[in-house]
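As structure tokens, here come the structures.
Below are two complexes that have chain A in common, paired first with chain B and then with chain C.
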Partner chain A sequence: MTEIIQKVKNLSIGFKSKKGEEILILRNISTNIKKGETVGIVGESGSGKSTLALAMMGYVKHGLYTIGGECEFNSSNLLKMKNRDLEKIRGRKIAMIPQNAGQALTPNLKIGYQIDEALQLHSDLKEEEREQKISELLNKVRLPSPETIALRYPHELSGGQQQRVAVAMALAGTPDLLLLDEPTTGLDVTTQAHVLELLNFIAKDTGTSMVYVSHDLGAIAQVSDRIIVMYSGEIVLEGPSRDILKKPIHPYTYGLLKSIPKLSLAGLPQSMPGSQPQPGAIHRGCSFFDRCDFSEEKCKSNSPQLEYLEQLNTSVRCFNHKSLMNDSQVNQTVNKIKTSLQDKEILNISEVSISYAKQNLLDQVLNRISDDNPTVKDININIKKGETIALVGESGSGKSTILKSIAGLLRTKGGIIKFDQKRNLSSDLKERDPNDLRIIQLIFQNPDESLNPNHTVEEIIAQPLKLYFGLKGEELKKNIIELLQKVRLGEFYMSRYPRQLSGGEKQRVAVARAFAAKPDIILCDEVTSALDVSVQAAVLNLLQQLKEDFGTTYIFVSHDLAVVRAISDRVAVLYQGRLCEVGPSKDVYQFPSHPYTEVLLGAVLEPDPDIKPKLVAEDIVEEKPPQKGCSFQGRCSRILGDICKNEIPPWQITNSGNSIRCHIPLKELQKDQIN
Partner chain B sequence: MLFLIIKRILLGLITLFIVSLITFVGTEILPGDACTTYLERQAFGEQLEACYRRLGLNVPAYERYVSWAVNAIQGDFGYSLSGEMPIKEVLGPRIKNSLVLASAAIFIGIPIALILGIVTALWRDKLPDVAISTVTIFAMTIPEFISATLLILIIAIWLEWLPGIVIVPTDVSFLELLPNIILPVIAIAMIMTAHMARMVRSSVIQVMASEYVQMAILKGVPYWKMVFKHVLPNALLPAINVVALTIAWLLGGVVVTEVVFNYPGLGRLVIESISNRDLPTVQALAIILASIYVSINLLADLMTLMLNPRLKTLQIRK
Partner chain C sequence: MKLDNIYQEEKKSNLAKVSEIIITMASRPSGFIGLSILIFHVILAFISPYIAPYDFKAINPTLMLQAPSAEYWFGTDDLGRDVFTRTILGGRTALTITFFGSLIALLWGGLLGIFCGLVGGKTDDIVMRIVDAFLSIPWILAMLLIVSLLGTSTEVLIPALGFFYGKGIVRVARAATHDVIAKDFIVSARARGHSNFSIIWNEIIPNVRDAILVEGAMRWSWMLLGFSSLSFLGFGVSPPTPDWGLMISNARGLMSFAYWSVIAPIVGLSSLIIGINLTADAFAKALGIDRSTKAPV
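Entry: the complex of A and B
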């Protein structure tokens, strides 16, 4: 038996509500972390996973307090320890890699100093030795030219580089246990895959134990030996990672795995009903009761205990796990999407370029934008009525910029956006007439920010109805109720405020608001990325249903390629504001042809330990598109030479109607995929 | 960086130009002028003409503006009406007095404000915070004419420790002025310190709740090192601009306190010259106070820029 380094015993953490009630965030958690193993803690937001990770460092956030239990490290309870003693353990024995390194690095201190600080505190090295060590650490996390990086301030690095610095800082104290709190959330797909690969390498190289906290089963699958699944403050399932991902014997994990869209499977995943209960809402019975497909009468009043199953080496909190055990292969069934494509083209984007460059005085007078290397250039897409077209690419690829221009929030530098073959929409909002504004509606990423917190749901949905159709009184109310029913919300939601709704419900209200204008085109800007996985599937299914009912056209922007695969008819791949590939989703996903598409698809993490990401290109961040030649030349692994650097590649069209912009001949591109 | 400084200075000069225009136009539009005020009931006929000629008021307005502006740039603001003294000489000692008052308030007020703000933030919701916060909120809400009057009543009249009002000539030496400024300084510093302490407190609390401070704790950085290295530099940066505005306010805006204590500073001069309809002096004061605001704000912005690495690189990149 391997040595245990951290022992969590009956840990409960909570806060006092305004009424004086004790509300639990963590409920009676017990687990052990063994030496050298990587444990993944997975759960949705509010499941208590971060609180648990912080407790393992003896840290409890302001406002929370320990109600019972202990976190034992080297046979002393961290939660009872004095700060002075904790300072000797934190960073030296147990180190943390934070979620958002951009926020977690102190802005006024140089990178080198921040790593040096950890070295000063946790090693006996002399000054020159420390300098040497800083370079070594930065090298280890594969940052280019460590000496110059050390002299930079955090904001001068890209997101991926900041995350690497955070890893280097955590490694400075050569800890026995590394806690990682969503370390790759918020990074681009390719960067995320690289950082995970680095973490895997470090785990093997140093033999450090890791606790990896994430909501993303795909990332967890890549790194962990063992998985702990948390739901509303409890451990519901704990066991070896392969078994949990392949044969989950808890209904929540089962449903969660089914609701994740997969690259290999077109169509929408099945959604789980409802959402996770608020802390303190459940007093009796199983906390998953409301959403469970396998529930029985006894689940309502009795809480199941965590039961250890010897033969599977797994603990599970469910009365019914035996019935799941026999048939729990995650056979994912998907709802095939019906295409409601019509021949009529509804939106023509031709030769559009958009620039963020500041106008100088002369340009302002002449009302023009002179920028020979604009952020977005040469976009040609014709969108058919009833189509769902997805724009994909990493951050900075210009996908949101294009959406903003279509919506009229940003004027174009050149080119034409035409609606219905005749109406020119190239101008910005001020010059569009009300009907032009009505036909295009936006749904934003984060409903917390896009819904006015001081308006009730009724007022929010009433606004477009009043503005575009002049509805009043009873008729207005009838329309609002109809719209709410369409997004599966009851009439009683009308008087609620956004803060009284869950994330999924808020996004439904945002969807209802967009549909209230009876638009022809809806622009969806990362609409599911702020939502939990189990809720995401429900929102995607809802969007698909509404589209079939109303014949709406969607322009869907997302960084999540699996989500795009699930919902879209056609995909446009963008890099640095230039199109790389446009084609029907099934072709783009099955025959990744453009080198950049290959890079993107290779980096997608699937919740399956057998599918490893393929890292094709380096995750360098380019600040500006190159002046001439192919936009992807800087990172392309298949670059041909001068032709790629000097000439803009031509469009090549495959038999299936897939357009690829690359200098490599089609035959050559296809041959490589067969191998 | 240099380009930015030049740009900011130019913008400041434009601001001053606009201020001077507005005050000039304003004084033109007002009924009556320097001569009618000075001559009062004799303001007609020959005498008025003579006065206009003497003060150069008989030429068109734009010419007067240009000649005034040219002289003002050289530091010559013309003559004050009441004493027929050069305004330069009237202003000199007043500026000095205001500077003395302001610097005393700053040297006492700012360190106290910083300490109180930091202490209340670090011991948030504990006894020191509750006690100090109660006092500062109290000090903020009492208007200065009440606190000033109470100070006079208690310290000057009942205890007879210090003079209640300033009855020295305007141009006394610093040492003679010293005992006179103690009460005004206390009255001003109370309000100023309370405001700044509250601001520092919320700024420090905000930084203490940030992810990078949590990270520093989890890195094992000892508490006080964390406070001095990770918290204070980031929390006090926004304070620079507030300090700048406070200094500008101290130099020209503490009118009420100056009047209550009969203190011969710039603030009181503003009141006096307005009630005497001494328009040349009002004009000169407007320009001087505007220059103080503009230059102190410029300095504060440059300091923030210098100390905040984030802004610095942004500027260089542009």
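Entry: the complex of A and C
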């Protein structure tokens, strides 16, 4: 039997509410972490997964306290230990890798110095040995030329490199247990795939046990041997990774896997109704009862216990797991999207370029923008009425920038944005007339920021109605109620403040506000990336429904290729502010594709242990688009030579109408990519 | 369903909100002490003319520098006037002038700060450099200049103090505005085409109001100290009107043998300032501006 290094026994953590009631964040958690294994803890926000991971290093967040149970490490209970003793364990025996390495590294100290600090604290090496160890560590996390990296400051590294440095620092004390709290969440898809691959390598190479906390089943699937699924502060399912992802026997996990969009399937995944209960809200019965498709009368009043199933080596908290066991695989059914495409073009974007460069005095006086290498260049897209077009790319690809200039929030350097084939939309917000502003509405990524925290839902939705239609009194109220019903929220939401709503509800309010203006075009900026997976599917379905009802056109910006695949009719792939590929979504997701699209598609993580990401290009980050030639020349693995460096590639059109901007002939691209 | 009531809380009336804030303030010991001192001083300022045992300007050479006694609780000063009478009356002018002074400071400082924060660019640059330039002038020097040119009447003192103490609020209001200006709800309002006025009134003010109010409360206590310094120097309230600053100034030479005539106004002034400071602190905490007391989760 393998050695158990961390034993969590009946752990409950909670806080006292204002009224003095004990509210539990973690409810009676028991689990063991074995030596050398990687355990994934997965759950939606608020499920208690981070609290559990922190408790594993003897840390309880300010305001929370341990109600019962213990975390045993080397046969001592971490939660009862004094700080001085904990200091000896943290870093040396148990190390943590935070979510955002950029913020975890001290900005004004060199990388080498920071790792040296970690070594001084957590190892007994002498000065000369430490120096060697630093480059050893940097080598281990596969950073190029460790000597120069050690002399750099954190801001001189890319997000992926910073995360690698954080891994190196965590490894400095040669820990037995590594806790990773959403280590790849803030990273670009390609970088994420690289970091996960590195973590896999380190787990094998050093034999360190890892606890990987994430909301992303795709990432968990790539790294973990065992998965713990948490819901509302409880473990609902625990077992070998493959079994859980292929044959989930708990209805929550089953629903979760069904609601994740997949690359191989066009159309919207089914959503799970409702949202996770607030901590302290459930007193009796199963916490998943309200959202469960398999619930029975007994689930309402009796809490199921975690039951260990010998033959599957799995623990499950459900009365009905047997009925799910026979339902062999997650058969994903998708709601096919209806296209309401019309032939009429509603928005023509031609030759648009946008520059962020600081203007010199002369240009400021003459009110012009001069920049020979603008951030966004040569954007030509014609959008049909009723179409959903997605702009896809990594951070810095200019997709949000383009969205802003369509909304008039950012001045373009050149080019024309034409509405309804007649009206030119001025690039300056102040020059647009109110009607031009009404026809284009925005939905933002994070509803916490896009809704004024001091306004009620009623006031939020009333704003566009008052501004554009001058509605007042009863009529205004009637319209607000109608809009709330459209986004499936009840009338009683009117008097609530955003902080009283869940993430999904907030985003619905934001959607209602956008539709209040009766717009022709809605710009969606990463609208689902701040939401939990189960809620994401519901919001996507809502958007699709509203589109069918109102005939709205969506311009959808996202970094998530699977989400884009689910909702869009057409996809435009951007790199460094230049278009790489534009085409109907089913064709963009098939070969031949632009080498950059190939990289993106390869890096998508699916919640399936059998589908491994393909790492095609290096995960370096370019600061600026190249002066001449192809925008992707710096990272392309299929680069031909000087032609790519000097000449802007021509558009090549495939039989199905997919345009690819590359020097490589389509036939050759296809041949290479399929092999 | 314990937490449900949190999520079903209805929109409250303004009165209910204010009373809730005051209750939260008073529930902390420091807030309770601060509020009690402040309320005591305010009530005293209203009723002191009616309860004062003696005439504040009655000079009596036979009663010069009497030690505290049953008749004269705080003793008498060098002109034989009752110190108790003069002390309870001494806060009235200071409290009134600085209260209205801080209101003016709050208004112009807050609005200008929000405007600069919203507009940004060159306007912001120019206005802020002017504010910085004023900040570099020693305020007491400038006040002395204004007072000696325009006199020490209330109509001069209130706007002058309001102006000098508003400069600091400009910076605070501008910084608070910068915090919310980048948020998407402002971008959203802009994209919809709301006017600057509507954005300031509907979107920004509700979000920066708390920070500015707290800053205003702190300024009030500083202004009180500043005003008393002016009186001390003889440029605030003119004799024989009783005023703490003036009383301290008059009696400071006699401290060695008639300490009572100095101590009473000092206690009056410092307790009021401490009261305002503690109240402002508790106010900030009740509004949730103090991050350290934020509830978990």
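Here, the second predicted complex is superposed on the first by the 669 of 675 C-alpha atoms of A that agree within 3 Å, B and C clash if a C-alpha of one lies under 4 Å from a C-alpha of the other, contacts with A are read in each partner's own complex, and residues count from 1 in each chain.
Rule of thumb we're sticking to: a residue touches a chain if its C-beta (ideal position, glycine included) is under 8 Å from a C-beta of that chain, and two chains touch if they have at least 3 such contacts.
Note that the structure is a prediction, hence the values are computed from the model and not measured.
Colleague: Mind checking chain B and chain C on superposed chain A, clash or fit?
Modeller: Taken together on chain A, chain C would clash with chain B, as the superposition shows.
Colleague: State whether A:E129 touches chain B only (first), chain C only (second), both chains, or neither.
Modeller: Neither partner.
Colleague: For A:L467, using the defined touch cut-off, is the partner it touches chain B, chain C, both, or neither? Pick first, second, both or neither.
Modeller: It touches chain C, and chain B stays clear.
Colleague: In the superposed model, which partner reaches more residues of chain A, chain B or chain C?
Modeller: If we count touched residues of chain A for both partners, the winner is C.
Colleague: For A:I25, is the partner it touches chain B (first), chain C (second), both, or none of the two (neither)?
Modeller: Only chain C; A:I25 stays clear of chain B.
Colleague: Contacts for A:E156 in the overlay, against chain B (first) and chain C (second): which applies, first, second, both or neither?
Modeller: A:E156 sits against chain B, while chain C stays out of touch.
Colleague: Kindly classify A:H62 by the partners it touches after superposition: chain B alone (first), chain C alone (second), both, or neither?
Modeller: After superposing on A, A:H62 lies in contact with both chain B and chain C.
Colleague: Quick check on the superposed pair: does A:Q278 touch chain B, chain C, both, or neither? Answer first, second, both or neither.
Modeller: Second partner only, chain C.
Colleague: I'd like to check the shared interface: which positions of chain A are touched by both chain B and chain C across the two complexes?
Modeller: Overlap of chain B and chain C footprints on chain A: residues 62.
Colleague: Enumerate the contact residues on chain B facing chain A in the complex.
Modeller: Spelled out, the residues of chain B in touch with chain A are 209-223, 229-230, 233-234, 237, 307-310, 313.
Colleague: Touching residues of chain A toward chain C in the complex: what are they?
Modeller: 15, 17-19, 21, 23, 25, 61-64, 278-281, 283, 407-409, 429, 432, 434, 437-438, 440-442, 444-446, 449-456, 463-464, 467-468, 495-497, 500, 513, 517
Colleague: Quick check on the complex: what are the chain A residues that touch chain B?
Modeller: Per the stated touch rule, the residues are 54, 57, 59, 62, 83-84, 86-92, 95-96, 98, 100, 103-109, 117-118, 121-122, 153, 155-156, 169, 173.
Colleague: Per the contact definition, I'd like the list of chain C residues that touch chain A in the complex.
Modeller: By the definition above, chain C touches chain A via 1-4, 6-11, 183-185, 187-194, 202-203, 206-207, 295-297.
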